[in-house]
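Shared chain: chain A. Partners: chain B in the first complex, chain C in the second.
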Partner chain A sequence: MRKILNKSFLLFTVLLLVVLTACSNNSETSGKKGDSKESGKAVEAKIGVVSYLTGPGAAYGEAITNGFNLAKKEINAKGDVKIDLVVEDSAGKQEQALSAAQKLMSDDSIVALLGPTLSTEMNVVGPEADLNGIPIMGTSTTAEGIPQIGDYVFRNSLPEALAIPAAVKKAVDKYKVKKVAILYGNDDVFTKSGYDTMKKTAEKMKLDVVTTETFQKGQADYNAQLTKIKGLQPDLILCSALYNEGAVIMDQARKLGIDVPFVGGNGFNSPQVIQIAGQAADGLIVATPWFGDKQDPKVQEFVKKYESEYGKKPDQFAAQAYDALYIMAEALKNAGEADRDALRDSLAEIKDFPGILGKFSFDKDGDVVMDPTVLIIKDGKFQIFE
Partner chain B sequence: MLLEQLINGITLGSIYAIVALGFTLVFGVLGIINMAHGEIFMFGAFVGVMVTSTLGWPIWMAFLAAIIVTAILGYMLERFALRPLRGKKGVSHLAPLISTIGVSILLENLSHHLFGAGNHPFKNAFAEIHFTIGSITIYVVQIVIFVISVVLMMALSYWLSKTRAGKALRATAENLDTASILGVNTRQIITLTVVMASAMGGIAGILVGMAFNSVNPQMGLSMGLKGLAIIILGGMGNVKGAMAGGLILGLAETLIVAYGDSGYRDAIAFLAIIVILLIRPQGLFGQKTSEGRP
Partner chain C sequence: MLGDFLNPYYLQVASFIMINIILGLSIYVTLSSGQLSLGNAGFMGIGAYTSALLTINYDMPIVVSVIAGAIVAGLVGILIGIPSLRLTGVYLAIATLGFGEVIRVFMINWESLTKGAVGLSGIPQIGRELLKVSRDAGFNPLDIGLKNNQYVYLLVLIILVIINILLIWFLVRQNKSRVGRAFAAIKMDEKAAEAMGVNITYYKVLSFVQGAVISGFAGALFAHVMGYISPADFSYHRAVEILIFAVFGGSEVIWGSIFGATFMTLMPEVLRFISEYRYMIYGAILILMMAFRPQGIIDVPLLQKLQLSKRRGKHGSKN
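Let's turn to the complex of A and B:
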């Protein structure tokens, strides 16, 4: 009896061992398959995604992962590259983003990371990825200095430092601007950094800054600042505000009889402006990486596919994510193998990649080089500004 | 330019004054700084937005609705946050203050849920009526705001000094127990005061909505703090002081932006208040009302 038990136990152990080795064998071969150049046609790769999927900012994560999944489906259907996504949640928290990223990094079959969603998260995840030698690309991180974290850190999200000068330049050319007034919120990091960019841009373009005025978040009355600006008669107003305050400022400005155009940053770029300010919103100029009404067949096709898949219009986060995975696929195809270092090198060489956001290249740091689309609100809707 | 800025300053000052009137009324009677006043004011503004923009009713309906809603809020504030604490042994004199802070947080979050975090436009034809003299644009709303604030102040002064209810209110303010012994229904008087002050906040809310076209859940806090500063400047519990203090702060803020640096707007305005208080510690008009209080 005892012997039989012993034997069956032995048998069971052996069986278990066999299963285990089979498993590890399996994963090894799949890993090898990805690694080997000779496998020929399709480059197979696993890419890790860290995204903000639960919590107050979950809407961002949802749009971003939707963008990834749509791109993945198309890329895999094409067949040049076969991509598998492993998605982890960061909940918008630095520590959770880091542990999620570490989990993905420790899996050797994962060749690159996409995300995390927030710049603050990227500031902790980026250095870790750089240390581990895995390429990481942010699709929604706009803060200064992200790609400068290291050689392995990239992004395809348009930073403010690129968007604001583009909008200012177009406005200056069109309206022959000489004098500008600057108005900004001085109690918010985001609007303050927008102001710094505006000031630098104005200095570089040798514009005459007639006055610099400030306001605070939640302020209701901007008449004093605007009356002063009106008296100085600028040709253009640079306004670094979030859309909530910005819309009210425009409304009060138009009521006072200020009819010059406004240039705003990314925080000002929202359809909400039109909703709040109505007609007064006409004449707001912003630069954006993404414009859903663009008369480009590629853009329209993406919008249609996205809408039929997810039942809503894609926003800039979905669009940037969609392009990001395409850039990854392109780099993988050029690298010819699913290897972290080879992928990094081939990512750095991406140039004039034709995505739905426009022609895209990386600079030497891995930051964005592209011409943003400049929009103006006219007749109550965003239109291309020319 | 100077004239335009003066108009801006007087408009802003008149709104401050109406907010401060509500503060000063409650302080004068109850000796309580009502921290929820700013949020009640904000609710009044939201009611105005709902009535005019969403329902499309005329502006006088908005005033009526805002007065009714804020009066109810005022009643509930007194009934549930203030009355239970009054006259009880062992209740700290700071307790009502803390309890009104609690109500203000509750109301702010409630409006977040009900109306969302963003700015709501106050679309109304009346707010668009204006005329121009030279390069100066004057909106009828700006004149209306000034007139309403003056009328409210005068009506309140008259009511307090000449009518029976006003006298009862002042007696209650002087000494609650004595007034009660002499036959004043103090509970009723206190409720009336808080309700009136809240309704005034509601009126101010609609005026802000019309003048600045900006209504959001955070607007109560900054307006509340300004109102507090004004009643200290004008003299605690003094109606004329609230009016004068409001106009002074409004004009000071506007003129600092016009001829100085907008970054220092609040700093200089409040510095001015500190200087005035150093010279006149009881406030501009403050005399007996605040001294009679232990």
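Let's turn to the complex of A and C:
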């Protein structure tokens, strides 16, 4: 028995040694990065980014990091604050997100974290960041309860709990809605939490929910659910779906002759819907923090710069990331030093910050206070819904 | 100071390695009696959800709930094992894979209990709970120069290492016992083993249930290390990942799955500096391995060679 114990001890020592050697390499490189910037009296800060760069959702991570990089360039050019970004990949997995965040947090020169991309990742990373006293800000985490994790957890992405009620309210007022049908994907965190908000909103507004139907990710035929919905004749359909399923649902619904408007969640809000569903996409109402065609010079300037830099139009993820870094820079400027606790306090005080998404403030939990823009697809284009 | 040596990042990666080793062992046990089961992700989910729900809803101590998670996974293992072990080879693999998916769909649809696809958050984390306990006892990790997260993950890692050593010790012992010999005999040839008087049904179910208990245990630990679980964590991808641990490292010997789990967890972390390309390398390594060493990196001849050279080395030093 002793032999076996010895052997396994040996094995574990070897494993730990391997881990430690890996560490020495990495800390060297990060040390070099820290030395390279020594100038002026501007606040210099290193900010860690955890982003979804590999895997099926890599498009989100790419847009987000593009947004960060564009903002970083502008902020550094201005010179009040000098920001250095350290980007790590999470591959959309909780373990990887936690490892990446842990790696960034253990570097004492990093004052704040931006990301991770998914709410599921934030649920794991948030408590850890809070325990270590490093401010963390989600730029795309919309699920409920994220900033409530702790004092150090913030977000600037419009939560579903704000977006969906705004869209539903406007639609109800305009079309004098009484009966609604709800359709949602029940095997995805995003669509499920969107449904929870829809249900709550419908109850609060005393709408009559005639039926609640579910579907699964990757489903291709929604005729069973839609036929049932059609028979009940609702005035409005609340549909919590991601754009790829949502577009197909709208297409099939219009073919069945359902012509009532749809209200979607944040995941439904994508120009892809129009590409996939074409004419059938008309009548989709979504609330969004971001509207690229807004007649605001700031917004137009951002769109132009982003397009010339990356060759495509920015989506809401890029816009939210862009604003997030500006908010960080503002907080750093107010704090006057690159210190984690000072940064947290000055972040909490951010109020009416004029970003490209509109006026932005944090509430007492670190959640978003802002007015979303409600959009409708009309004639194959997103337009402001009045 | 101690604090300078312990980077919480490495402690945490090491903790994930430990959990993955347990998962690798769970599939090794069933493979050692010649059964290919892909239901380990499902059992892992059962363990994780049982343990998490017990601690959240009934305030059970983590130790008790983790063991309960493993036991429940084992009980389900018996229920599933008895009928499905009439199948062999690919058919068993498909049946158990199906079982894993059924478990996942259960977790999604039993919303009143599992909160559906949103998942369970706020699960007590082993390290943070211990941090609270030690603070209440008047001990502050700062006194020995450790930051909170260093202390938390150091404790987690120590606990996991101890569990791993015990588990490996048990499995190595078992391999040399009557049970282990019976497993090996069944793996070689079921008919011959039966003719020699081995109760093959009993031993097959035993190895299947052992696999279920171990993966349930790993799942429960996973829940209490991550602090958040959702059905997506226990999907088909997880089952394949676990299988890769054993297949890559070598499924014939226990050290194979340990090596496989270590290597496969460590590699994406070590390759972080090439960010986007790291998973390409992951895939490339798997393909190369299958082409040149289909039995896995570590197999019996390799171990014998290592042992021989070690003995020679010892001999040489004496002279």
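In this text, the second predicted complex is superposed on the first by the 298 of 386 C-alpha atoms of A that agree within 3 Å, B and C clash if a C-alpha of one lies under 4 Å from a C-alpha of the other, contacts with A are read in each partner's own complex, and residues count from 1 in each chain.
The working rule: a residue touches a chain if its C-beta (ideal position, glycine included) is under 8 Å from a C-beta of that chain, and two chains touch if they have at least 3 such contacts.
Because the structure is a prediction, the values reported are computed rather than measured.
Of the two partner chains placed around the shared chain by superposition, chain C is the only one that A:N132 touches, whereas chain B remains out of contact. Shared-chain residue A:N186: touches chain B and chain C both. In the superposition on chain A, A:T120 makes contact with chain C only, while chain B stays out of contact range.
In the superposed model, more residues of chain A are touched by C than by the other of chain B and chain C.
In the superposed model, A:N223 lies in contact with chain B only, and not with chain C. The interface of chain A with chain B overlaps its interface with chain C at residues 186. Here chain C touches chain A in the complex through residues 7-10, 12-14, 16-17, 105, 108-109, 116-119, 121, 125, 128, 147-149, 152-153, 161, 164-165, 168-169, 172-173, 226-228, 230-233, 255, 258, 262, 266, 268-270, 272-273, 275-276, 278-279, going by the rule given at the top. Residues 1, 4-5, 8-9, 11-12, 118-121, 123, 130, 132, 135, 137, 139, 208, 211-214, 216, 218-219, 221-223, 253-254, 257-258, 262-263, 265-266 of chain B touch chain A in their complex. Taken in their complex, chain A has these residues touching chain B: 186, 213-225, 227-228, 230-231, 244-245, 247-248, 251-252, 255-257, 272, 275-278. Against chain C, in their complex, chain A makes its touches with residues 1, 4-5, 8-9, 11-12, 15-16, 18-20, 22-23, 26-27, 29, 53-55, 87-89, 91, 94-96, 98-100, 102-103, 105-106, 120, 123-124, 127-128, 131-132, 143, 145, 186-189, 191-193, 196.
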